[in-house]
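Below: one structure, written as structure tokens.
As written, the chains take the letters A, B and C, and residue 1 is the first residue of each chain.
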Amino acid sequence: MRKPNYYKLRLIKDRVMFLLVYLSLALALIPLFSILYEVVQRGIPAINLDFFIKPTPTVGEKGGGVANAIQGTLITIGLASVIGIPVGLMSGIFLSEYSEHKLSTIIRFFNDVLSGVPSIIIGVFAYALIVRSIGFSVIAAAFALSIIMIPIVTRTVEEALKLIPMNIREAAIALGVPRWKTVVAIVLRGARKAVVTGILLSIARIAGESAPVLVTMGFWRWWFAGLDRPAANLALNIFIFAMSPFENWIVLAWGSALILILLVLGINIAVRIFIRGRY
Amino acid sequence: MAPKLEVEDLNAWFGTKQVLKNINIKIEENAVTAIIGPSGCGKTTFLRCLNRMHEINPDARVSGKVLFNGLNIYGNGVDPVMIRKKIGMVFQKPNPFPMMSIYDNVVAGLKLNGVRDKKSLDAVVRRSLELVNLWDEVKDDLNKSGASLSGGQQQRLCIARALAVEPEVLLMDEPCSALDPISTAKIEVLIRKLAKTYTIVIVTHNMQQAARVSDYTAFFYLGELIEYGPTKQIFENPKHELTEKYITGKFG
Amino acid sequence: MSRIIDSGLEELSAVLYKMGELAYHTVLIAIRECVESRDSYNEIREISDTLILMADYVEDKAFELIARFQPVASDLRTIKSYMKIAYDFVRFGRYALDVSHANQKLGGIRNCDKWIISHVKDMGEKVLSMVRLSIDSLKSRDPQLAEKVAQIENEVDKMYFDFLDELIERVDTTIKCAVSSVLIIRYLERIADHSAYVCESIIYITTGKRVILR
């Protein structure tokens, strides 16, 4: 008796599944590439020398640039990182390395809640806490952004450290290395790629935030004038410029969008090159 | 010759479960002592009690004495970190430190305890790797990742790492269970070589391995030390019926 | 790379070589005693007892090696053969003692007819050379040397039967001489047999083949 030709049937099924998977992938990539295409196509005409060296033009003025917004964004993100990264890093270490501690379950729970809070609410919180006492300022914006950052950093650091097997820690402890040194020099070092990736993701996330920036810093058309004053911001520029009726500003909005994407990409690449190890 | 480690009335718990019951044993200097017994008999816990690794687990508890060169390592004011420097450990799975070169792996214990002098670190790397018969295989690749080595080489690297901090005792927890027979044979030869200058305690689930490498053998069963004596006697003429049953495979 | 079992095997070999030399010495002085006037009985007895103790040690050590290292192939053949060879060496000592017993307690052959003395002398030389060869082939692991022993063994067998035939024909031999000479010749023949056994063991160790050389 001849066996039915299951092989051919299986082959067809395999091909169909393969095709489906690829179609899904293509479907997911379409929006990504169309956004990129749109931003690049519309943003490039805005890019020229003035764009990088001149501040926001006055209404009706020709030309101008977003140099003040690039400056302001870098300063704000920088300050937010200085607050957010250490706190997030240490909470992550605490949750991963001292998970037997009673507090860790509670901290993990609230951290998860925090990461789910809409960013505008965090902005309003910063407004109530800081803006009302010292006014719209870089400090207030950086504070709000750092609070958005902390749960992301905490979670990714915790996950990254947990990927280092327990017996690596035991090996270090058995060598007579104190526990905190084990965590810093062995565990954190072993997980540094994943840790840095998590931090980069959080930076990219806050670089694109506009709502909390709006309520803590407002729109600022001039150069950076001190941490207790507002500063210009790329994400906010996009929002304000795009809503405006002025053609010049709309062009600048597209340019800002392109620069924001490139900025995030640039930070990513730069840090990756910096931490690129041999292993 | 005085014993290197003297265990007196050692009990150990995980939570409320007692895993070691009243262990008394004297471990001889410059000899290999093998700990054998079925899974869950407490042999690994026993090993980890010898350098205070047991207490790393949050709900672990120990009572009794372990005298190391006459000093009770569970005495008041004894720093477990100091004890672990003197009583090193090698684990079941080779566990070189991730993202670290072979060189850095060997000197990790020293560097993290503040040794910075490049010359003396170089000397330690060479001496330790030669001791574990790995130097000739890796001397040109010291900057490569420790994880790039084969399983057997990784385990020898881990032994070198443990030896670099100059311990007096080496505890080995099933060091060959993840290795192929050739790598296992190399580690066994190495154990015999190291026994000339170090006191070695090895836990193994492989009775033949215990027979091959050890001078003394202890048989554990359900948290108790059933029989302890020279390996030749344990394997040729065990005194206890349980030992006989276990080593002849008539268990259960 | 040397293995853990190697040091045990080396120790076993060393003990066995020492036994070989001691056994050779007993056979040598026992044969000399047949024709020269000297008394080596006590010396042979002492060495022979030592050989028995050493054979016990070899057996013990061999068991330990088997129990601890699970030897296979040539290692296993070596250990098994070493136990047999140790026994053969014990027999050398024991037969040497028996020869000495005949010499000292039964009167020996020194005062017997010329033909008996010369027969014993010839056979003694041949047997001694067999013992030497068997020990040498053990040390050198040389199966060809071992096969040479087989040839001499055949000659010794022939000498043994020739001697018995001749003794039966002669009517002038005294009972005393007949008893001593028959016993001595018989013991020498047994020593030759054991030399052959040693050589069989060596061929087994080196080639894995079981041969019968007798």
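Worth a mention:
Here is the rule we use: contacts are C-beta pairs under 8 Å (C-beta built on N, C-alpha and C of every residue); 3 or more make two chains touch, one makes a residue touch a chain.
For clarity, every value in this text was computed on a predicted model and none was experimentally measured.
Central chain (C-alpha centroid nearest the global protein C-alpha centroid): B. Ranked by number of C-beta pairs in contact, the top chain pair is A-B.
In terms of the distance between Cα centroids, chain B is separated most widely from C. Here the spacing of chain A and chain C, counted between their Cα centres, is 91 Å. Chain centres here are Cα averages; for chain A and chain B they lie 46 Å apart. For chain B, residues touching at least two other chains: there are none.
Across the interface of their complex, chain B is touched by residues 100, 164-165, 167-168, 170-178, 181-182, 185-186, 189-193, 277-279 of chain A.
Touching chain B in their complex are the following residues of chain C: 1-5, 63-64, 67-70. Within the complex, the chain B residues that touch chain A are 51, 53, 56, 58, 81-86, 88-89, 91-93, 95, 97-101, 108-109, 112-113, 143-145, 147-148, 158, 161-162, 165.
The part of chain B that touches chain C in the complex is made up of residues 185-186, 188-189, 192, 208, 211-213, 231-232, 235-236.
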